[in-house]
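By written order: A, B, C, D and E. Residues from 1 in each chain.
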């Protein structure tokens, strides 16, 4: 047991993000409702963000805002004290992309609902086939 | 579809799981991700940009080009929602008016649209009497939210936050007004034209600052050259450049959030919503 | 001394939170549940946030004081907003025509 | 970061994610999605990614939920799965 | 003083896009001229960049004044340069050619439409010019988001097919992002050249292999490679004609470019061909793509839909050529990116012009079109011959290189598939020509004007179409020099000659 815990601690974050990703991807592929698919899409995207943020983690690192370490006019900063800022930057962008996609997709969903009066994919396809 | 979905999902999951075998342990200090590029940001950001929040420094300066396109993505979403949903010519439907003094509700079916007047107030078709407590509290709250949003934008150099978060909060304050009162109240204060212009102006500020840098003889988004205009040294010029950029981001994000909400909640008619 | 106050505040906050959680789970209908959630949650969060604000003043510095002040502002907003939100939900419930639970009804 | 706390929140996140795609009401789905985003935001705050957490709190838990609710208001709550 | 053209190439259309969208609320009549100016400047600067690269070699531009692994760098070599020119020039020509059609379809939202149009160009041009993996993702999302919105403007099923495209496209984008994440965790860098140099000792690692797979699957979704092509036909068929002639030729080709770029300058050819040894599997997949695309095209009754399936099979050509693993195949693939962009824009512009006049693209409505729109149909014939691969046109030459590559690699199946699809294209186009030439003009056209009158499209639409179809032949004639000057230097040394 005592050997097992370090092994799990070393990687569990990556495993759990994969589970989240699988949930999201499954919802996107298998769900029938258009808005449900969107929720799946968002879960998928957040899971990727989780993955990136996990990359940036460092043991014993604090938030990347520099608050000490001025020596003789020069800032001496030990990178091990702060977590990696680059994945955070990338993920800010990814969050923005996900909310933009969500906006456009919801606009499309509203448009589709106005035309077909339903959000179920199979009902829409049945209606199209009936025409 | 379900079985296909399960197969694809399991396949992808298994592949990803297989790859985690080769990953460095979580949080390891000697992983390539934390030794190759990022240490330089942490060590030099304060010296080179005078911004203690390294995320802001990387976001708006080292990788400022990414952020410009991030703002562009938001702008695309705003324009996309507008072009998809907005309907300009609408058939006159049923409208409801209330005489303010006597609280008599009038129902006008089709026909001409009456002009604005001070005695009658237009109300939603899905009319719910708006609650006094919620209305008052929200009206008191909105200025404070906006103040906080401005603080977040301006203080992004020293604390978490920045243009994007502040812009979202600014947009949320107007959305709160639209939810707690009604959409016309919000649109009266913040018209569609202003909103759409601000949407373009914000990103224009960002790109414009980059272009000004070119005109001053440095590379695109190289804020150092702004020192000639701002009368500060090169490091502070970077800091000020980041601030200008953040303002642009904030304006665009605010306008886009409001625009998407208005178009979504009113299905493009922009008269009544949630 | 400060520590004791902080611990007392945090623990009493936790007690109120627990009460809110039990109330939401155990009470019979919409209104009573919201009653529990609205009141207990507000008080619980007030106490906890106050505890955090005091804890922040551990070594008294100007910057620490400023951040404590900000936390007190959060407290103020919570005090206004949490009841308003509860009121809004109850109002919507009344409009939607939910009947309050009476003793005669079965659970 | 305390890995036990981290693991507990991650488990909660997965539970909310499953609940979000399993619930049979779109409005409930939107609200659960807000809860999911908020838990995610907590997780990132624990992992010291404060900027990401702030953004997720304002975007994921705030504006996205409002967008979902607005879209559900203009369409329908009904869903079969 | 350094040269800013690589940056200006992207910034100027971006600036003009914002101006157009703001101008829509101030003075509407200025929108279109501004859009043309933006697109034209983009084309002008891309040509300048290309000539500069031809003369002086690779151009580097670091944005924000930060050196490459820390900041974002642009890296324009010959491969980028030539694709840049193709993208920006074709987008510019399409903007001029579809002015009338767009003005009819979106009378009130012209400003927003042209803003999205310019942003789409910005996205594509940025994808081609960038040297940073994550920047590529952001620009990919710019291009995708604009194309979702533009496609959904069409009639009928357009919103639904656009939403399907959005789901597929987001899965693709996320897979690409995952792949980049895996690369980042293993190497710690995002710059393409830097990653390539750091990857070499890691070739045996499973994570790199998975990263490669996910990048390729993501790009494959976006470029509609065969099993992942389901979104393409509906999306491009129901899109408005001004949009489909913009997106159909450019988006998929740029994605093929991204695939080649990842293969030759991120993962390097050694990894793609010797370590992974995926070559023959990918070639078999593309054989499937070509055959299925051609077979499905045979079953279509709508002109635009037929072209869409032709695109699916052409994607198979390019992917297969790139994965043949020798210089001739790669040359064929790169040449085919250019040629196919030119051919498909011709096809879709012709289809758009026909749609502008008769408002219907079902094959049985096209009867007697040669009499009614002779010039448009002549251009359609030229594009069709090029797709089939008739010698003076450019389609022949890229097919020639592909077949040579297939023979050298011993992939006779690929060669057979190429010949099969050419045969199918012959059948397809001659059926269209037959309907257009011999079909009874009165039939299927009960309403409207007398069938004998010539209702040729306005000159503003015809002139670009004529220029483009002349370009088909010009490209064909100058193939030799293009290959010698542009494509030969970029073939990586690791490939068998």
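Here is the rule we use: contacts are C-beta pairs under 8 Å (C-beta built on N, C-alpha and C of every residue); 3 or more make two chains touch, one makes a residue touch a chain.
Computed from a prediction, not measured in an experiment: that's the story for all the values here.
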item: Chain labels contacting chain C and also chain E; value: B
item: Steps needed, at minimum, to go from chain B to chain E via contacts; value: 1
item: Chain centre separation (chain D, chain E; CA means) in Å; value: 37
item: Separation of chain B from chain D, taking each centre as the mean of its C-alpha atoms, in whole Å; value: 19
item: Whole-Å separation of chain centres (CA-atom averages), chain B against chain C; value: 30
item: Residues of chain B whose C-beta touches two or more other chains; value: 16, 20, 23, 27, 31, 33-34, 37-38, 41, 53, 55, 59, 63, 66, 70, 73, 76-77, 80, 84, 160, 164, 260, 264, 267
item: Junction residues of chain E, two or more chains touched; value: 134, 138, 141, 145, 148-149, 152, 159, 178, 184-185, 190
item: Overlap residues in chain A, where contacts from two or more other chains coincide; value: 9, 12-13, 19, 21, 25-26, 54-57, 61, 63-65, 86-88, 90, 92-93, 96-97, 99-101, 103-104, 106, 108-111
item: Chains touching one another, given as label pairs in label order; value: A-B, A-D, A-E, B-C, B-D, B-E
item: Chain C residues within the chain B interface of the complex; value: 77, 80-81, 84, 87-88, 91, 95
item: Contacting residues of chain B [partner chain E, same complex]; value: 15-16, 18-24, 31-38, 40-41, 61-66, 69-70, 72-73, 75-77, 79-80, 82-84, 86, 88, 193, 196-197, 199-201, 203-204, 207-208, 210-211, 214, 217-224
item: Touching residues on chain A, where the partner in the complex is chain E; value: 21, 25, 28, 34, 37, 41, 44-45, 48, 51-52, 55, 86-87, 90, 93-94, 97, 100-101, 104-105, 108-109, 111-112, 115, 124, 128
item: Residues on chain B engaged by chain C in the complex (per definition of touch); value: 128, 131, 133-134, 137, 140-141, 144
item: Touching residues on chain D, where the partner in the complex is chain B; value: 1, 50-51, 53-55, 58-59, 62-63, 66-67, 69-71, 73-74
